[in-house]
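Given below, in the form of structure tokens, are the structures.
Across the two complexes that follow, subunit A remains constant while its partner is subunit B and subsequently subunit C.
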Partner chain A sequence: MLPIIRRDLLNLLINPALLLYNTLFPFLLIVVLGAINRDLYDSEVITAHDYYTVAILVFMALNISIIATNSFMERSVKRPNLRIGYAPVAEWKLYVSKVLATFLFCMGSILLVSAVVARIYGVGFGGAYFAFLALLAALAMLASTIGVAFCCLLRDEESANKILALVNLFLALLGGVFFHPRTIGETFAAASAFSPVRWVMQASMRAIHDNDYAMVLPAVVIMLALGGVFLLICRRTFRLEDYL
Partner chain B sequence: MKKGVFALKTILSVDNLQKSYKDVKALKGLSFDVQEKEVFCLLGPNGAGKTTTINILAGILGADSGKMAYRGKPLGKNLQHFKRNLGVVPQELAIYEEITAYENVRFFGSLYGIKGEPLKQRIRTALSRVGLLEVQHRKPRTFSGGMKRRLNIACGVVHEPELIIFDEPTVGIDPQSRKYILDYIKSLKDDGITVVYTSHYMEEVEEIATRIVIVDHGRLIAEGTKESLQATIGDTDRYTVETEDGVKLNEDRFLALDGVTRVEEGEAGLGFLVERDKDVLPDLVEELSRQHVRIRSLEKERANLERVFLHLTGHSLRG
Partner chain C sequence: MIAYLRGFFARILAKPYYLALSVGLTAFFIFVALLVSATAEPTLRVAYLADGDFPVEVDAIEAVSLDAEPRRSELVLGDYDVVVEEVDGRYEAESLKNVEYEAFVLAALAGEDVEGYFADETPRAVRIMGFAVVVLLLQAFFYIDLFIEDKKNGALARVMSSPRGLGSYLVALTLYAFFIVFGVAMVVLAIFRWGFNQDVGMPIPYYAIPFALTTLLGIAFSLFSCALIEVRDNAAALFASVVLFTSILSGSFGALNVGGFLQRVMDALPQRHVMELSDALAGDALPVGHAAAVLAPIVLFFALAGWLIRAKLRAGRY
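Let's turn to the complex of A and B:
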């Protein structure tokens, strides 16, 4: 499976649009949102850039589902992926390789953006960088499996992307990435408890700012388990003929 | 299952293959055997079920029913073994546009477990045989349509399989690339590689086929060598006469001419089957004139697969 993962990863890396979408776009979001909301945060405890670095990196990990659909069923890779199916390669390797390649692509982008932001704005993640990375990794893995599973279910990358863009935005709002869910209403705030984005945001903030790691492991385990469920969905619904 | 025409081993057997897409029956019990070292052609118009058959053989599409065997063993449990020995050149390009031709062939070769120097050697051979060795470091997006088609072939054969399936590899390409591809297939035949080739171009099939299966509407219509299939319409030439509409003929007077064996009236005009190489043209034109038929055009055709197809199905291959 390694040659396929390597090929899928390289395909993502040589796509300038995807590369910019995963590096420059989140970086600019952090810069702009951090600047706009500078006055809302107490710079002694937490700066706007501290908050939005965490929030946007979480959003980035969530949004990787859209990159996964790209890697799995985008028009330019659909036929070459079909050719992989002509080879003596087990079918499950086709979708698992896309999940893993997208995951690696996402984690590489996250490492790059967080390193740049740490350098420019001194964002230090309160010494909980590895716990934060673990949360992002679990979320990215979940999002990758969701992206591929949506393709398997809908048998079409474009439809999957349209739905996922809305789902991701909803989850991000529910998770308080851009502002606290209570701003929209109490019901919305209560519903946010079911958003994996909320779990990651809360677990990250507690680990980074309170040195409280209690939520990290449960959040990681739940997200990986959900990722497993979506992989099972892929296994049940994936058909090579969808590449035709 | 029937024995093949040649005294060679059967490499692939297809028995009573059926496949439906919702209400449309694409394959209605298709059966055939492919013998070792032959160029086996599936000839039929678009929508005949050729690509469906290929996709089922390649393990991409599931059949509703039917049996397939590779070297006598059912395909189901031996699918991976079969795939290892199978090369597929699909109708649509299945290559990465953004990496070089060399990288394309290397990647698809690596999927068959070939590594290191043997892989490099096979990449060189594959690219060289399709005439792309000199442009191996260029990206396919800079290639012409024909060059991309040839790269599509190199990617499908780099692992040097014993059976290669070509699904309409010459659709929409320039005559030069078409000739290159047909010459390449002939060279495979010379090397003893088994080829399954689908096409709706009867000229190509006539040029390369060892054995031909004619399919239409998911059914096998006829099977045999070019010569045996042509014999089904007799040793005849055909004169096709385009006329004005509403012509009423006295067929008996044409049949009374020396050499005319059959008269056909259709939308395309009049057809006269005549004994091969019999010079009936002056008599034919005179009789047409006598019956007040105004000739718009007149064409003479030798016995060919197009006519065999027309004879067997009542419609044209390109229809």
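Let's turn to the complex of A and C:
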């Protein structure tokens, strides 16, 4: 499976649009949102850049589901995937390799963006960087499996992307990435308890600002378990004929 | 042109599942944008660290009595905006936010008239357009898929050599995408206004102008992106990034005032002009200048897209 992952990862890395979408775009969002909201937070305790670095990196990990659909079912990779499907390789390795390649691509981008932002704005993540990374990794893994599972279910990349754009927007709104969910209403705020993005935001902020890691492990375990469920969905719904 | 238009609708109607999904998502996105922008009222959530209820009742304050100080993470996430404590008969307010929340809460506790102090002065129509502009721009891209298909299967090359020419094709494609996005947006707005009895800030017909201009801008920029970049997903990534980024800068999710060169760039963005246009319409004015400022990039992107497509067709790229 390693050669397939290596090839998939290389495919993502040599795609300048995806590379910029995952590095320059979130970086610019952090810079601009931090600058224009600089009056929102007291700079002695927390700056707007501190807040938006966490929020945008979470959003970035969530959005990786759209990259996963690209890696799995984009027109140019359909034919090579079909050839792999008819090679003496277990069928599950085809979609698991896409999930892992997308995950690695996402984590590489997150590491790069967080390192640059930490260097420029001194964002320190309250000494909880590795806990935060673990949460992002679990969310990225979940998002990756969701992207591939939607392709298997809908058998069409464009439809999967359309639905995932909605799902991601909803999860981000529920999770309070852009503004607190209660801004929309109490029912919406109550529903946010079911959003993995909310779990990641809360667990990250507790680790960073309260030095409390109690939510990290449960959140990671639940997201990985959900990722396992989506992989099972892939196993049940994947059909090689969809590549024809 | 009519033949092309009929052809586009026939092709999309041949895929009812895809059409239902696309229209359903467009309607859903627009509904969410309306819901978020029209119903959200700014309130301060106060953590009150004392026995009993918060002593004053103000519309903009939602107080919660707590036994212990909330976590700092709860203040960062916005679960609470201000912490109020009674010390030796005096109230003390503390907030992580670097705005005048503390002063507002203390003024309310001192019995001062604070009505309007914390009010969001952005007109409702502008708030609605701020969110709707992002949704309309993003949705326009999804209806350019037929153009991408025609590039791949060589139909565009045949169009170029036909007597009807590329111009009729592009006009028909624009009308096809426009009818769906604009039509769905207006229907959803009407349902939201009358079906859910919501205040939308100005008469429904007034929205036709900003909705139409935004949809055309989205279609023009989608065409330009797809003409510039051959791979659909790459074009989509560029398109979505530029739309989201410029929309944030233009103040779609809240008015921004940063001053300097950045402010001049922000003020020149077409999304900003769409919101200014809505503001003027809500005041029964005819904002010709703002409409022209949105029309200019529409014409520019259509012209650039047409030029790129012709150049690539002549070079045998499609």
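Basically, the second predicted complex is superposed on the first by the 244 of 244 C-alpha atoms of A that agree within 3 Å, B and C clash if a C-alpha of one lies under 4 Å from a C-alpha of the other, contacts with A are read in each partner's own complex, and residues count from 1 in each chain.
Quick note on the criterion: contacts are C-beta pairs under 8 Å (C-beta built on N, C-alpha and C of every residue); 3 or more make two chains touch, one makes a residue touch a chain.
Model, not experiment: these values are computed from the prediction.
*Asks:* Should the pairing of subunit B and subunit C on subunit A count as a clash or a fit in the superposition?
*Replies:* Taken together on subunit A, subunit C would fit alongside subunit B, as the superposition shows.
*Asks:* By the touch definition at the top of the document, which applies to A:85: first (subunit B), second (subunit C), both, or neither?
*Replies:* So A:85 only meets subunit B here.
*Asks:* Between subunit B (first) and subunit C (second), which does A:190 come into contact with in this model arrangement: first, second, both, or neither?
*Replies:* In the superposed model, A:190 contacts neither subunit B nor subunit C.
*Asks:* Which chain, subunit B or subunit C, is in touch with more residues of subunit A?
*Replies:* It is C that touches the greater number of subunit A residues.
*Asks:* Which of the two partners, first being subunit B and second being subunit C, lies in contact with A:76: first, second, both, or neither?
*Replies:* both
*Asks:* In the overlay of the two complexes, what angle sits at the CA centre of subunit A between those of subunit B and subunit C, given in steps of 10 degrees?
*Replies:* Rounded to the nearest ten degrees, it is 100.
*Asks:* Kindly classify A:21 by the partners it touches after superposition: subunit B alone (first), subunit C alone (second), both, or neither?
*Replies:* The second partner, subunit C, only.
*Asks:* Would you sort A:214 into first (subunit B), second (subunit C), both or neither based on which partner it touches?
*Replies:* Neither: A:214 stays clear of subunit B and subunit C.
*Asks:* Scan A:202 for contacts with subunit B and subunit C and give back first, second, both or neither.
*Replies:* Only subunit C is touched by A:202; subunit B is not.
*Asks:* Once chain A of both complexes is superposed, is A:115 in touch with subunit B (first), subunit C (second), both, or neither?
*Replies:* Neither partner.
*Asks:* Can A:229 be said to touch subunit B (first), subunit C (second), both, or neither?
*Replies:* Touch status of A:229: no partner.
*Asks:* What does the superposition give for the shortest Cα distance from subunit B to subunit C, in Å?
*Replies:* It comes out at 12 Å between the closest C-alpha atoms.
*Asks:* Which subunit A residues contact subunit B in one complex and subunit C in the other?
*Replies:* Dual-contact residues (subunit A): 15, 76.
*Asks:* Inside the complex, what are the residues of subunit A that reach subunit B?
*Replies:* Answer in residue numbers: 3-4, 7, 10-11, 14-15, 76-77, 79-80, 82-89, 240-241, 243-244.
*Asks:* Please give the residue numbers of subunit A that touch subunit C in the complex, ascending.
*Replies:* Per the touch definition, subunit A meets subunit C at residues 15-18, 20-21, 25, 28-29, 32-33, 35-36, 39-43, 45-46, 51, 70, 74-76, 156, 158-159, 161-163, 165-166, 169-170, 173, 176, 178-180, 182-185, 201-202, 205-206, 208-210, 212.
*Asks:* Write out the stretch or stretches of subunit B touching subunit A in their complex.
*Replies:* Listed in rising order, the residues are 55, 58-62, 80-81, 83-84, 86, 88, 90, 92-99, 107-108, 110-112, 155-156.
*Asks:* Which residues, counting only subunit C, touch subunit A once they are in their complex?
*Replies:* Its residues touching subunit A are 18, 21-22, 25, 28-29, 32, 35-36, 39-40, 42, 45, 71-73, 76-79, 95-99, 138, 142, 145, 229, 231-238, 241, 244-245, 248-249, 253, 256, 258, 262.
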